[in-house]
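Labels A, B, C and D are assigned to the chains in the order they are written; within every chain, residues are numbered from 1.
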């Protein structure tokens, strides 16, 4: 099962609107169940460096089927996944990437958001996920 | 001058509709004047390998401010730009990428389309450009 | 708005002169608002490994519109941006990269300096920025 | 023996002035005898895609101590160096890169120019070389 373009764009749009309500400028990416890009939007004036980070967050969330921040908990010095970020052409392991599930609980993709604090990034990503709830 | 997200999404949407009218499944990317990604959409069932090609076509069109197919005319064996595709992390030099200009004729970004024949790719990219006319 | 070659060269020249006054050998890079290289100079005898670092510092400063050292504060183990350096083909997150603004306060590019201690790198980068003040 | 920053900047400046006299917008790179970047300039409005090409031309000319166009003669289908462009992270094998020699005829670096036709690129690169004659 794969997220449709229509759903991916709905998630992006919800994230854009959440960002606007918080006065944030975000990069937002949605990947499908194969971790391949489906939809992307960079809001006017959002950080250029966050294009790649948003996409990598979405991919990372789907690569391991968990929020990106959970991976970062395990990738610290001494942690069990220390330096996992070196894999897959570069992971992002701080918050802002979240898997997307369909009505049956099957993961159909993931969203990644970057452009502010990691707390804001996660909040906006969550808004994208919930738009499909 | 940079293309806005609103205009980039309008170009993507016009390209999606053109694709639907032609019964095609496309990947569509829009970059800004700095050749950085602004908007992207992959239609349901479109080729996965065309994600990267659509993005590279958009970048290539802005890198050299001309339709991608023009570069391919010159990069053939014996041509003056033979193997230019090895630059910039990989160019795509066949049709489907077109610069986007504003009302004053200044290039503000570019669109890249991939998913069918290069003729179809170019036709759909052109529809995206014309939506901003 | 993009920095001109004339301004970029003036910033490089000011950084070279500051380096000479401090008896340092530096690599100095300036990128435009799209994070694309505009001007570069490596002083005689400067570290070869600092060519890439100077360029990456300039790009990183523009990618996130802040001095590179600010990012390094947040990317430490346990920090909110731990391992952000894996994005964008490799970031440099220690001091020596600074955004460049025009008279209206709009960011038009960034400078990156590498070749000595990070304190020296930052001092020389700052001299480049101030030359455009 | 290595080209000095002073000489590299003189070559760049001569190339810029030659470009202006021909009404061209060029990217100009100079590398040293180790094929490492010494100086770079992108003229206002020059192609973004030519940043990398100018640098690769300069490196290619020094990698093999000959004008880049000479390599392209041998890298055609059926030629003895077919697809040599795949080496060294990507070569550029069409004209615009020329080795730079000192007074004793020793190669001390190379210049690479990109932004127009390969004939123009070569002409401007030659102006850079001759400035050091």
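Here, a contact is a pair of C-beta atoms (placed from the backbone, for glycine too) under 8 Å apart; a residue touches a chain by one contact, two chains touch by 3 or more.
In this text the structure is predicted, and so the values were computed from the model without any measurement.
**Q** Contact counts by the stated rule: is the higher one at B-D or C-D?
**A** Ranking B-D and C-D by C-beta contacts puts B-D first.
**Q** So what's the Cα centroid distance for subunit B and subunit C, whole Å?
**A** 32
**Q** Between subunit B and subunit D, what distance separates the C-alpha centroids? Give it in angstrom.
**A** About 29 Å, centre to centre.
**Q** When the centre of a chain is set as the mean of its C-alpha atoms, what distance in Å lies between subunit C and subunit D?
**A** Spacing between the chain centres: roughly 25 Å.
**Q** Among the residues of subunit D, which are close enough to touch at least two other chains?
**A** 48, in rising order.
**Q** For this structure, give each pair of chains that are touching.
**A** A-B, A-C, B-C, B-D, C-D
**Q** Taking the touch rule as given, give the residues of subunit C at its contact with subunit D in the complex, in rising order.
**A** The touching residues are 2, 4-5, 8-9, 16, 34, 36-44, 48, 51.
**Q** Which positions of subunit B touch subunit C when the two form their complex?
**A** Answer in residue numbers: 32-36.
**Q** What residues on subunit D touch subunit B, complex-wise?
**A** The contact residues of subunit D facing subunit B are 47-50, 52-53, 56, 72, 75-77, 85-86, 90-95, 117-118.
**Q** Quick one: in the complex, what on subunit C touches subunit A?
**A** That would be residues 34-35, 60, 62-65, 77-78, 80-84, 86-89, 91 of subunit C.
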